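Two complexes come next, and they have one chain in common, chain A, joined by chain B in the first and chain C in the second.
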Partner chain A sequence: MATPTAATRIRRQLRTSPWLFAAPGLLVTGAFVLYPFVSTLVNSFTDRRTLLPGHFVGLANFRELLHDDMFWTGLRNSTLYVLCVVPALVVLPLLLALLVQKNIPGITFFRSAFYTPVVASIVVVGLIWVWLLDERGLVNALLETVGIGRVGFLSDQWLLLLSAMAVTVWKGLGYYMIIYLAALANVPRELHEAAAVDGAGAVRRFFSVTLPAVRSTMVLVAALSSVAAFKVFSEVYLMAGPSGGPAGEDTTLVMLVQRTGTGLTGRVGYASALSVVVFVVTVALMLLVLRADRKEEA
Partner chain B sequence: MPISRRALAAAVAALLLPLSACGSGDDGGAGSTDASGKVEGDITFQTWNLRANFKSYFEGLIADFEHKYPGAHVKWVDQPAEGYPDKLSADAGGGTLPDVVNVSPDLVAPLAKAGLAMDLDKAAAKYKSEYLDGAWAGHQVPGLSGTYAFPWYLNTGPLFYNKSLFEKAGLDADRPPKTYDDLFADALQLAKKSGGKVATLANVPTIEDFGRYGVPLMNKQGTAFAFNNTKGIELLTKYKELYDAKALDPQALTATPESSGKKFLTGAVAMNPGSALDLGNFKKNAPGLYKNIGITDQITSTGHVNMYVMGLMVNSRTKHTPAAVAFAHFVTDAQNQMSFAKKVAIFPSTAGSLDDPYFTKQDGTDETRVRVAAAKSLKTAVNYTPVLFSDQMKTALRNEVAKALQGKQSPKAALDNAVKAADRLLQQG
Partner chain C sequence: MSVLEKVRTEPADPADRARERRLTDQHGRRVHVGELLWRYVLLLAVLALTVGPFLWQLSTSLKGPTEDIYSSPPSFLPGHPTLHNYTRVADTIPVWDYALNSLKVAAANVVTNCVGSALAGYALARLRYRGRGATTLVFVLAMLVPVEGIVIAQFTTMRELGLNNTLIGVVLPGAIGAMNVLLMRNAFRNLPYEIEEAAYVDGANVWQRFRRIALPSVKGTLAVVAIFAFMGAWDDFLWPLIVLSDPSKFTLTIGLNYLHGTFANDERLVAAGTVIAVAPLIALFACLQRYFFRGVGEGAVKG
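This part shows the complex of A and B:
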């Protein structure tokens, strides 16, 4: 039996040791997540420049962005990105996972092949696609050969955005396919067998057995891909260039944050206000997806 | 588990720390501008993407300086070209800006405004006469008195053109365009004869083009931009004609210098600006083009070509002012600029250096032809880019110009909008 002194010591240790265990994680989170977040929030109410200290300007930055055409362009493009990319990334990887799920000879090759874009550098991938879609690239050469003529994939505002979306989907397929493969592995085989015995065909089994079983995974994929799509930067930056496409019409919100807030004359205060908007919309997107899921469950 | 008040207070303090960002940023304390003391101490020297090709030159230069001033030690750091302004802003914000920094006039302007660049009219006035007047004035910032960097090397690129494409279009390949009017006429003919498959230019007009076309860029006081005048609208209208006729590459709206250079290599574009360094690239990567390469002066309607100015800024917060000023002067003095110019196609900014036979005598090679022609044009060249024309302003101009070329707005409306945006950014500081 512990003496009173030992009991006190144990109680003290019980009080402090969890904090000690959590300390490294808390410090890293505090320094690289919490501090920048609060700093951004504070800066969004100032007119701070890269090299000049800011002064409190209240909601002026937020009022300014309401009148900034480029902000609305960025919001439109980021929203379009979510609306087009998310459905594709929820459905296509599931179909792909169903295809490669079967244990047939050589299937590992296809699983690896579909996963390769995930591990490839986005810069390399972006450059390859730029070469392919260039006015004198392989795709246009093929289109010209079959008599369609050259298509301005990289010079037309909408085609450029669509091309960037295609790259995002192509690169993300493998990642979400792996998530679906894990979910599909947990679908009891007996359910499929029972449904088959009851006379259900492949399509019926997909909708009545597979889909309900992976529904929560679909919600997860929707949530993850919508946040990633809203924050898209690399694909559009690489394909549309630093100017954000013709007349900046393909600029996304995160590109706008980067363009506004960096460099020696960067408007840190205004870029922070844009970042706050990105944060709010991202959180709203997550809540929307989760709410839709709860409604369906109910 | 209950959280103690002390822990809570620490957490709140951590969260409120960023509020200090709203305070004064002037926490470093300016160093002295008195450079008359003993040259000693450890200083850091930062260059802009020069290590890869000129490592031995700079190591030799530093060794010579340290030999001359045994008490001084120079640490050399080099930064990649990509994202250089971001690196400078991070260093400036973090108080880790090197003592001597390679800058261009548009980079030195915000640093000078933030009090981070030393005024060399005070710290190094005795060296002023060693440099070309225009070069010394190149790092002066409107709204501030003083000069904020030693002039280093100057550059001006020739214009390369593909003789074969000119000939195919029925143009005289030995008489390339000299003025913008010649250029527009030749470009339209090239596009017409090639059925729109060969463009002459790969880039939308920049602020330099407006300058070379003879458009006044700012008002006389230097307090507001003025390129939305009749002359500016005329230039943009001409470019719109080129774009519609495919004489301006359809991807020009999103082009970068690298992408337009590649288009020139592949023969998709007939003309491209460059430097003597590009000749080696053509020889290696496009031998077919190299055989047909034509070299001419930059297009200008003012009689003055554009020049790029590099400088060496001394950090105003250096702890070793005499050493930093002495080193910046040492790197940029006539002798060292001349020896650097013999290693790479750049031109010294020191008085009289351009009269050296190296820049005036032909030896029959293309490289020398480019060098001599460039040195000649540099004597009257102008740095057209206004010192205060920031990256954000360049983007605003580019986007408005692109809208005009696409026909989404008139050239006048585009330039009015660009000037309005640039003026707003100028006022915001």
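This part shows the complex of A and C:
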């Protein structure tokens, strides 16, 4: 079998086949992720539109940003989103994980049930909550029954943003709960037992044993959820409408990107500048979380 | 390793387990009845909060046109359950065509992601060649790019290729996810080298080693990639919203958004639409929970 021709063939195959294996992945990644990334950076310095090629305009787009009220509204809402959603998503799933950690009868059912919102599309989730929080929806019907009266969750600017945040937290709970469950399973049981012998109650043990053990997981959850929260789009789009409320006061940064850059009259250049802000803040958030982690450790 | 495998470290002996099950936790320690009670109360409360909204949506979709859906106090169960709203939603928007479009997109996404990421992952994990480090770096960088920041450029790229407003255009950007490639790479790297070495000595070529030996050993990770590719494509909203403009090409999520925007007052109709969109995924999740949870663990560590 080992004729010279076969040997050459194998050698040639060794040289080319790795690239053949990697080619489809490299092609898709290059054409639809890396090229768009670079072209976003390039376009942010042009006045390109959907149907017009565009010219180099230097920093004009970024200068326009500074005077664009809608940009500041979007940045404010996306930042508020991070500030409110992240603490909730770091703490609540941990408590939930503690609740479902013990293997009591039926617990696998509860774990799976709590995960259901993660599986559903954000569009389904958004529309379910639009109906629940409707002026005449279930939540208001219940509030009226207990005598509180109806609340305009979806008509007030701030209540709407808060409701959207609640929906984000509701949908994310199960996901981060599973991450925490894995971390909790690695907490040595001896630590708990030793603390219990020393007379530490459940609350004390939570703060002195559990919390230090899952600290790195909390940082991970903070990093993941803050990046996701800053890029929020669907929840607010569905609950406030495509324009982010009557005067656009609930617009988020990514909603602004979508609204500015798409359609036949889309301002690709300006939307790209907005996208660059999304990149920069996303990276900054990651670094911030990781740095806060290191400082705490020191 | 699966997250739940770690969580469920129960006593090994099944007889032991059956006897002690009711009174002990996973470490074999006793659980007091009082504690058990408040745990179940809390569990049921969270259950009502997480699953309740889905059931309310289902209930709304089954209520007939004469039934008051706005009553206060609310009536949780439909008085006369009817499937009328499901036929109505199909008369209003081509919901089954949209479901078929979603299914096509999701199925294509599963195939391309499984094939593409297995091939590339194998090259990164097992094949030695110049440029391997650079290839790995390309996928790591691609994983870090936030999709929301490049959708506009992806849209112009699709226009340049003449693929905007097509289902192929919906599939392409996520066809081979960088994270899936890296997941497959790690799965292949964790296989013992010896088996493949033996095949190599026996004269098996790269393709045979990949297809017959390596691939069957990473079925678990492949299943995770498949499930998340399906769920990602079925649930996606922002990208199809941008790339599709022709209502006949809509996927379910975009169709639902359209339904909600146009017939917002008809809550029964929207409810029926959302039930159609979510039911397949809940069924999938019920059957394959293990892989869903495993994916969270692997994805979080890498992401």
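In this text, the second predicted complex is superposed on the first by the 269 of 298 C-alpha atoms of A that agree within 3 Å, B and C clash if a C-alpha of one lies under 4 Å from a C-alpha of the other, contacts with A are read in each partner's own complex, and residues count from 1 in each chain.
In this text, contacts are C-beta pairs under 8 Å (C-beta built on N, C-alpha and C of every residue); 3 or more make two chains touch, one makes a residue touch a chain.
Just so you know, these numbers come straight off a predicted model, no measurement behind them.
J.: Comparing chain B against chain C, which has contacts with more of the residues in chain A?
T.: C
J.: A:Tyr35 contacts which: chain B (first), chain C (second), both, neither?
T.: So A:Tyr35 meets both chain B and chain C here.
J.: Is A:Ala247 touching the first partner chain B, the second partner chain C, both, or neither of them?
T.: So A:Ala247 only meets chain B here.
J.: Touch check for A:Asn43: first (chain B), second (chain C), both, or neither?
T.: both
J.: Using the touch definition from the top, say if A:Arg136 reaches chain B (first), chain C (second), both or neither.
T.: both
J.: Once chain A of both complexes is superposed, is A:Ala182 in touch with chain B (first), chain C (second), both, or neither?
T.: second
J.: On the A-aligned overlay, A:Thr282 touches which partner chain: chain B = first, chain C = second, or both, or neither?
T.: The second partner, chain C, only.
J.: Using the superposition on chain A described above, determine whether A:Arg259 touches chain B (first), chain C (second), both, or neither.
T.: In the superposition, A:Arg259 touches chain B alone.
J.: Is A:Leu96 in contact with chain B, with chain C, with both, or with neither (first, second, both, neither)?
T.: In the superposition, A:Leu96 contacts chain C only.
J.: Determine where on chain A the residues touched by chain B overlap those touched by chain C, and list them.
T.: On chain A, the overlap between the chain B and chain C contacts is residues 15, 18-19, 30, 34-35, 39, 43, 50, 134, 136, 241-242, 262, 266.
J.: With touch defined as at the start, can you tell me which chain A residues reach chain B in the complex?
T.: It comes out as residues 15, 18-19, 30, 34-35, 38-39, 42-43, 46-56, 134-136, 152, 154-155, 160, 240-248, 259-260, 262-267.
J.: What does chain B use to touch chain A in their complex?
T.: 1, 7, 14-15, 17-19, 21-26, 85-86, 88-89, 92-93, 107, 110-111, 113-114, 116, 249-251, 253-256, 259, 266, 268, 390-392, 395, 398-400, 402-403, 406, 408, 425, 428-429
J.: Quick one: which bits of chain C touch chain A in the complex? Just the residue numbers, please.
T.: It is residues 3-4, 6-10, 21-22, 25-27, 31, 36, 39-40, 42-43, 46-47, 49-51, 53-54, 56-57, 60, 70-74, 112, 115-117, 119-120, 122-124, 127-129, 131-132, 135, 138-139, 141-142, 145-146, 148-157, 159, 172-173, 175-176, 178, 181, 203, 205-207, 210, 231, 234-238, 241-242, 252-253, 256-257, 260-261, 267, 270-271, 273-274, 277-278, 281-282, 284-286, 289, 292-293, 296-297, 300, 303 of chain C that touch chain A.
J.: Which of the residues in chain A come into contact with chain C in the complex?
T.: Interface residues on chain A, with respect to chain C: 1, 10, 13-15, 17-19, 21-22, 24-26, 28-37, 39-40, 43, 50, 96, 99-105, 107, 110-117, 119-124, 127-132, 134, 136-138, 140-142, 144-145, 170, 173-175, 178-179, 181-182, 184-186, 189, 220, 224, 227, 231, 233-234, 238, 241-242, 254, 257-258, 261-262, 266, 268, 271-272, 275-276, 278-279, 282.
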